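Input: one structure, supplied below.
First chain written, first letter: the chains are A, B, C and D, and each begins at residue 1.
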Amino acid sequence: MPKAIGRRIWAIAEGYIPPQSTGTTRELISHETICILNAGDKDAHVEVTVYFSDRSPVGPYKFTCGAERTLHVRVNDFKDPEPVPMGTDFSSVIASDVPIVVQHTRIDTRQPALALLGTIAFASD
Amino acid sequence: MPKAIGRRIWAIAEGYIPPQSTGTTRELISHETICILNAGDKDAHVEVTVYFSDRSPVGPYKFTCGAERTLHVRVNDFKDPEPVPMGTDFSSVIASDVPIVVQHTRIDTRQPALALLGTIAFASD
Amino acid sequence: MPKAIGRRIWAIAEGYIPPQSTGTTRELISHETICILNAGDKDAHVEVTVYFSDRSPVGPYKFTCGAERTLHVRVNDFKDPEPVPMGTDFSSVIASDVPIVVQHTRIDTRQPALALLGTIAFASD
Amino acid sequence: MPKAIGRRIWAIAEGYIPPQSTGTTRELISHETICILNAGDKDAHVEVTVYFSDRSPVGPYKFTCGAERTLHVRVNDFKDPEPVPMGTDFSSVIASDVPIVVQHTRIDTRQPALALLGTIAFASD
């Protein structure tokens, strides 16, 4: 089986947490997720920096994705150094000390049927 | 933290502003967005050229995305040199003087529940 | 402005025309689209080959995307050498004589609210 | 026509089978699909490894995608060595002995109108 796969720096230009939800469970509340795969045999220490349109970037938000594990982090749950406001445009950069793979997903339940958006993030050279 | 990330030339082959909306707020009117991340320490001067199926390209539409900022521009809001018509197939090329990351999103509320489409743009070599 | 952008060979591993629609207009009938951007100054002669799970590939379907034009072709409209059946898994390879950019979109109106799927295609080396 | 296209190692960081469905047909039950294109002239022997957040990876799940064929495999149907649980975050790595192209799709019918998510997978270097 392949071991470490991916890159150390990733970027997601799109970011927006819909400020309303018709869903009531945690799964069906509108949210934005950063999905990380660490297929290698060393833990990944991951730092996320969030960029805004009208103020300085905030972060790093720190996470550990274990060796041979996946970690799907919800931006809605970011707390330290500060929460990411809903209804606000943002972007994010994801930096890791070992190669990882990053994908971006949004679930939007503002109207009474959910919508999904997902894409591979940009892998920096 | 990483500094300038991305490329200077990007392309989005898909483009279409749905001509109807069931949403009534600005957020829920059908729209097409170009999301730009400038993680570097110099302002990005961005020029968007829009390509059509049956006439010459239009542009450049000019934007500035500040250093360490994100800019989500709605194609619906393009005005100068001319608006982009709704219900029309188009593509776009995004050129910047510094590296940026570009993602494409559409929100479509033609039917009574929104749909989302999103993808990373093509990063030119 | 940038001229020719992209690659000559692209692949879309996903393909499926939903066999039902709640929409009744051409725009809201479930369909699959291959979006092509030719930003260069020479016409692109494009050949699409369609791959199936249980029989030999079909094609080429031939299209011309003019210089500095976009072409959004609906797989539903493919006729020569034969139509692509609905409700069937397929993949496609897009070959051009000049560099182009290719994106894949599906609109699915099987249930009474449309869904969208879109992604950049794979740019071959 | 082009022959073998793609890469031998692919990764999909996102994975989640929605645990409910409003659809009742096989097509409209919430599911996650890995779409494979083998445009080359040799059969592709494909092994999928599934990564979780809290336990060791499971696999390989083995598939053959014939020469010049496509194979769309539903993660819901994975059985050997064990099923992939619904409502659980996962990631996957797809390894092939010949070049292939991989795309990821989810159809989510938890609410009474389907949603789609799709993206090209990450092609490892």
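In this text, a contact is a pair of C-beta atoms (placed from the backbone, for glycine too) under 8 Å apart; a residue touches a chain by one contact, two chains touch by 3 or more.
Fair warning: this is a prediction, and the values are worked out from it, not measured in the lab.
Enquirer: Nearest 5 degrees is plenty: how much rotation brings the CA atoms of subunit B onto those of subunit D?
Expert: The superposition gives an angle of 180 degrees.
Enquirer: Between subunit C and subunit D, two touching copies, which fits better, same or different residues at the interface, with half of the numbers shared as the threshold?
Expert: Comparing the two copies, subunit C and subunit D contact each other through largely different residue numbers, since under half are shared.
Enquirer: Taking each chain's centre as the mean of its CA atoms, how far is subunit B from subunit D in angstrom?
Expert: One centre to the other, that is 30 Å.
Enquirer: So, what's the distance in Å between the C-alpha centres of subunit B and subunit A?
Expert: Here the centre of subunit B sits 21 Å away from the centre of subunit A.
Enquirer: Please output the residue numbers of subunit C that touch at least 2 other chains, ranges allowed.
Expert: Those would be 112-113, 115-120.
Enquirer: Can you tell me which positions in subunit D touch subunit A when the two form their complex?
Expert: 9, 11-16, 47, 49, 51-54, 56-57, 59-60, 87, 89-91, 93, 95, 104, 106, 108, 110-113, 115-122, 124
Enquirer: Residues of subunit C touching subunit B in their complex?
Expert: Result: residues 1-2, 5-6, 22-23, 27-28, 33, 35-39, 68-72, 100-103, 105, 107, 109, 112-120, 123 of subunit C touch subunit B.
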